[in-house]
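I have placed the structure first, in the form of structure tokens, so that the comments after it can refer back to it.
Labels run A, B, C, D and E following the written order; every chain starts at residue 1.
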Amino acid sequence: MMKLLYFIGCFSGGALLAFLLGSFSPLLKKFITFLAVILGAVLFATMGTSTYQLSLLFGNQVIFGIDTLTQFMVWMTLGIAFIVSLVLWSHSELSPTFFALFLLNVLGTVLIFMSRDIVSFFFSWELMSWTAFGMILSDGWEKKRSAAVKYFMWSAAGAYMVLIGFSILFAATSAIRFENIVMSVGRVSHGWLITAIAFLVAGFGVKAAMMPFHVWAPDAYSESPHPFTGFFSGILSKTGVYGIFIAFFYLAARLEAVPMLRVHGTSIFGYIMVWIGAITAFGASLIAVHQEYGKKLLAWSSVSQLGYIIFAFGIADSLGMTGALSHALAHALFKALLFTILAGVIMRTGTDHMASLGGLIKRMPLSFIFAVVGGLALAGIPMTIGFTSKWIIYEAGINGGYIFPTTLIFAASTAAFLYYYRFVYSIFLGPLHEEHQNVKEVPATYWISYILLAIPIFYFGLYPGKLVGIISTILQSYNLPALTTYTATSVTTPLGTFNGMVVGLGFGAALIVGLIVYFIGGRVRKAASQTDKYLAGEVVTNEFELHYSVDFYRFLERKLSWLLKISAQKFYEFIGELIRFVADINRKMFFCGNGQAYLYYMTIVLTILILSIWRIKP
Amino acid sequence: MNGKNEIIREFEYFIGPQHPGITGNFSIKLKAKGDVILEAEARPGYLHRGFEKLMEQRHWIKNVPMVCRICVPDPDPNEVLYAMGVEELAGLEVPERAQWIRVMVLEMSRIQAHLSYLGGISGALGLYTAPQWMTGDRDYLLDRFEELTGARVYHIYTTPGGVRRDLPEGFEDRLRETLDYIEKRLTDYYRLIFDNPVFQKRTIGVGTMDPDWAIENGVTGPNLRACGIKADVRIDDPYLVYDQIEFEVPTETGCDMFSRAMIRFQEIQQSINIVRQVLDRMPKGPFLNKPGNPLMWRVPAGDVYVRVESSKGEFGYYIVSDGGVKPYRVHVRGPSMTHGIHVIETLLVGQRVADVSPIMFSLDICPPDIDR
Amino acid sequence: MSLEKEQKVVDLIKVSFEDAEAEIQRERRVKVKVAPNRVFPLVAYLKGNGFKHFVAISAVDWIRDGEIELVYHLWNYDEKVHVMIKTRVPRDGGSMPTLKPLFNQAETYERDIHEFFGVHFEGNEKLDREFILEDWDGPPPMRKDFDTRLFSAEFYDQEDLESEALRLKIQPYKGHLKK
Amino acid sequence: MTKAKPPKGLKGWAQGRSLWMLHFCTGCGAIEMPPTMTSRYDMERFGITPMATPRQADLLLITGYLTVKTLKRVIRSYEQMPEPKYVVGFGSCTVNGGMYWDSYNTIKRLDLYLPIDLYIAGCMPRPEAIIDGFTELIEGIKKGKFDGWIRYKENLEYYKRNQAMVMDIRKWSLDAELAERIWNEVQEERRKRFERATVKHVYELAERIPEGLPK
Amino acid sequence: MNAVGLNITWIIFMPILVIIIGLFYLGAARKITARIQNRYGPPIYQNIIDVIKLFSKKNPTNHGVMFSLGPVMAFSGMLISLLFIPIGNKALLSFNGDIIVLLYLLVIAPLGMALGVGEGGNPMGTIGIARALTLMLGYEVVLVISIISVILYTGSASFMEIIKMQSGGVGHWFIWPLFLSALAMDMALQGMLGEKPFDQPVAPHEVASGPMVEFGGKYLGLLQLYHAIGIVVETGIFVNLFLGGGTLFWWFVKSFAVFFVALLINAVMPRFRIGQAFAFFWTYPAAIGLIGLILVAILK
């Protein structure tokens, strides 16, 4: 019990200290944050899997527990938080409030994974949302206003839906703790159970940026402070995924028994989520292809990758579940890596507008190498964790018989190659502009964090079995169907097997053969200058614009314009207009200032109230 | 972060002198955003030998070998123009048979120019079989030229006063046989190029120009007839014996690449008919009225503008003489002077990067006309 | 060959341009001599009356009279008549208004004449751009007082070439001729 | 730097049998290239195909006269080509200026600016002559006879000085500081030559009748 | 069915054999197109001479480390995918090789080349790569649709089992029952092999040979080898899935037959604009593939 208090104390204390002392010396705030995260990690390691009761004021208990799923999620959170705190060492320009809010945010996220009842879950959910909102605003209200307000509105709406869901469950089972709910969920009538789960999944879906509720994600991710974005899009979206997992598989464990339309071996709920996941992945990656700014591109790519997870959750069999959770980890890793690299680029060049960057491989080679590594994982190339999770998801999709969503997912992953190449080419390759001639490489804190992120990406790529092993223990602890046929380096599914180590060794050997063939060819001549290129015989000076990056896929955009026009943004703006119109009408009607009208309306309202009290009896 | 508006410099590049996608030695500097062209600037001048200056250094007859090298793909109009101009200035009377032979040579040159044009435009679009077939068939026609004039491309055959040699015996039957062979091949070309759905998809509606804009901006020849305007120098400003030959002038109303290619295709058929008529009705008699000792021959003072319908458009010479043994001034007005600079610069704006080379081939731009 | 079409054109010109001496050269050819400042209105007037095809601008360097003669060629598609408007401009420092507002393709011919004859055309903004000659800082080459033979003999060194060949061990090529 | 030698043995055979020609129609001779490439004369039987960029090409054809403006682009392309590279001159215009011997804008002797391996005679050589020239080239390469690119590398000074006379080599050559040095050395001589060349000289046209002929 | 087919001798000789046969494919392609254009065309072994010449060239231009690593990664990426596709019923490195793994291995090579071309910094090369990726987005969907229909039909996603199910004569091949999927895959193959009307990435007239713009000498040699192996691997997918890849000799005959069909179309078609090519892939072949997929789903 005490360890939990120490854990919470270390983070909140650290936040307080960082906030108070931060203004004195920037070094102090960075050190406090770094220390707080490490201390938290050490404390969590010693906690082991046990449950803690925390008695709050007027006697009712609040339960926090740690089981294998929590450990999986918390270690992922603390890992990325450690990376962010490491990166923050070279960002003293951020205000002390940012550091404090960051620590509170990490605390909120961890508590979500540990909470075992509705109150604590909702409390840590709000803590996480509020601190994230604060952080978006941390450097300047006027620039970031629209994104922050949109984020806040959406997360508030999500929170209310979750609240409604939980309250329905509470009203039906009158139990606060999750295990009590699970035990007594039998008494809940099917109708109420389905509405509760629907509200919960929708609420968590907002946080996990499902398609209809994804509007806030690109702006919030791209407007949040650069070092934090990796954590924001990598981990906070996973809380939504965790919520869906809890609601869908844990609380409604009896959902299977509910007589419902079963499609392809999963409930109608699952089938809808499969389709939503597929459409999110496909739509978001097509939009990501046409983004002109690096942050926006990666933000849309995050929305698309979350679509994969939701698609996999929809297929509720062992393959789907393993795929979803492994992709959650994979996405957290490579998205944190790519966002941190982009933060490094923005720190050095001041902009993320891809058309004015270019040629940075000559000045920042390390960032380029790790951008390629991150890209390999994002695109799902066999030696990386990206492929392991995507392969399992495809196997689940085909094995489950969902043919059309699987083709959409495949199209989404091919579109991933398009926007990944545009990202790497526009920023690192191509000719170097004059204003970036003397850009320095990223500081040590950055490339250390790159290495720390790259190790698990390759490790789980070459040993997919290890990852599947962890996840199947989690699933078994929730007595859900788990994938059992795996060895350390290979995973077999009903359709076929995949051996990471063989592919890795094979590619290594092929690379050696390629290098041998390369060195047969003899010496090469270094290009005389940056303009020593084939330009149809002409010679150009340096300010000649050779960087082809604006409207990179204009021909694709022209052909997809009918698809890209359907945007949720316009739908919500339409709703906004509708509300403003209705409000305008009743403003004119009701507040017209004459007494009788007020009296008349009062009576109507009273009668309705009286009637409603009669009728309602749960 | 993306609030700052960065200066987006459009992406510039050259369809330069050394590029597989241009006709001859020419260069266009393009400024594009994505794959839409914002601005095009034609840069001629890679083939400027200063023809007009050199002509002023040479006697009247010595210019004949020089003149045919101005427009490489279609050399005969230049020779006929120079000869007609000098004859008109000097009042030299050209024998009837020479005029018929000149018409035959002009039309044969138009056929071989249009064959290489169709080969060029389908090559630019990627259909490499068409240029192979067409250039191969064009070669048979060049053999006939070789028999008649002794050279495949630069014939130096029409001189002021007539033509240098009469038809070799047996030439007419071989020429008829070649024409029949080419006529038979036209159906194959039609099915290969114009019936090809991908060719239609790539050319219909691309590079269109408005008819009045075309007249106003000096578009002439097949490019103008592709906009539905029946303007042909052979009918408007008849020269040689074109008024005694019946032929109709094909016009299309599409004003785009497809109709420009279709116009040339139909003109090959027309030219074959004309050459057949010439072969049937060619009178006997002398073929050259020698103007006397070339080094001493003086052309009386005066100036003249002569105009011929070449395969690329209206080709004109403005010859001025001050009564000396050498021409005082020869101004060559090639059709590509407007097609190659002003017309293509305005036509390319808004088009896609992939269509630059096909549009240039469809306008049949011949850079030596511009640079002379 | 009745000449009434050409006569109609001559009368058309005579109606509003008395100072222009218009005469018929031959069938379908009419010559008009006009003062330089009258060219723009005459071309505008003719463009209004059917002369929609602007063929070319030619320039002739009459070095003995110290003038450059500019000839504007127009063609009428309906009447099928070619009008040649001739003006004389002083050889050095001569300048003419540009015809770009009437026919914007005239700009190309003006750039050509400016580069080769040195006649200045106000209003033509592309005049100072390089058109055909590149890095040419000599006099405009088409003028009569520029001698191309002298230039080609002096500028491109063609002195005795054997010594150079020996120094570079370039043996004359004795390639085997096909039997 | 070891003295580069023309390729022999397997390399020579391979380079001979697969010559990739740079797609650059420099002069009027380019009209005879399509017939040579297409079905009647087909030079692809010898492995000669046109390539779009100098990086991939090893044969540069100068088809006919070269204006100064084209010479700059030709030299730029030539220097961008990997070794071993060969240059073939078509027609008399590359030998001594040909028909345009008195033109102010064409260069008279190509050999001063580029090392030419093979000339093909004919004021625009016919396809048969071109193919005969190519077979000479292929035999010569196999025997390792054509070493134009070695001559260019060794006498770079000589070639650059000649080039500097007609064009601004600082902009157009890859080797920047050598170009700078030679450009400054040659500046004086070039200005003097230009003065002599552009003397104003009005000759009477009408009266120039060649001597020794009866009036 | 050897689970991990690691017989060393086969692994060493198969790539060399495939490279040589791939180059002979290219040589035969030039010969056949030449014959269609009624000319003689180069000898069949011309591409082998080209590769030898390219490797004997001296100091081609190099624009940086990634520039030279690009072609190497392309060559080795295609080499690794070669090891995963069963040729003549012998899967080299197969753990009963999975189709989806091969699909993603086939992406390493173009990705490596794309990074190399990017480092070259020539705008023509980048436009070529942008076109190649758009084309890939087009035909990858069609490819996946037809592969899923095969997987659903056979119930297994590994080549070896699929080949086993098709063994026993022509009647058992999958091209008959799954004709629509085979047709869709053949159209996708036309784009994958880069034959006209889908050779926009390397269109000489528009982007001056696209990605190969800056590659000379041995870089181009490596890319030629990559293209040669690529043809064998890509036609190999079609052979294994629909023509029941028989013994070594018959396997190569079938693979060349598939390539021959692509060649005929290549000779007489101009190229689409890249937007039209992409739109084509997502309309006609995708529709044919989906109909085939629905049929398979219903019949199964």
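Heads up, the rule we're going with is that contacts are C-beta pairs under 8 Å (C-beta built on N, C-alpha and C of every residue); 3 or more make two chains touch, one makes a residue touch a chain.
Computed from a predicted structure; not experimentally measured.
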item	value
Partner chains that chain D and chain E have in common	A, B
A-B or B-D, whichever has more C-beta pairs in contact	B-D
By mean Cα position, the chain sitting nearest the middle	E
Centroid distance [mean C-alpha coordinates] between chain E and chain C, Å	58
Geometric centre distance via CA averages, chain C-chain A, whole Å	70
Whole-Å gap between the CA centroids of chain A and chain D	62
Inter-chain centre distance, chain B versus chain C - centres from mean C-alpha coordinates, in Å	21
Two or more partner chains touched - positions in chain A	525, 532, 534-538, 546-548, 552, 555
Sites on chain B at which at least two other chains make contact	11, 13, 16-20, 35, 45, 48, 50, 53-54, 57, 132-133, 136, 328, 352, 371
Interface hub residues of chain D, defined as touching at least two other chains	23-24, 38-40, 52-55, 69, 72-73, 77, 80, 82, 102-105
Every chain pair meeting the contact rule	A-B, A-D, A-E, B-C, B-D, B-E, C-D, D-E
Touching residues on chain A, where the partner in the complex is chain B	143, 222-223, 226, 292-293, 295-296, 346, 351-353, 355-356, 535-538, 544-552, 554-555
Touch list for chain C against partner chain D, complex	63, 133-135, 137-139, 141, 144-152, 154-158, 161, 168, 170, 173, 175, 178
Of chain D, residues touching chain A in the complex	24, 53-55, 72-74, 76-77, 80, 82, 171-172, 174-176
Complex contacts: residues of chain D adjacent to chain E	4, 7, 10-11, 13-15, 17-18, 20, 23, 38-40, 42, 44-47, 51-53, 55-56, 58, 80-84
Complex contacts: residues of chain D adjacent to chain C	68-69, 72, 96-97, 101-105, 107-109, 111-112, 118-119, 132, 136, 151, 155, 158, 162, 165-168, 193-194, 196-203
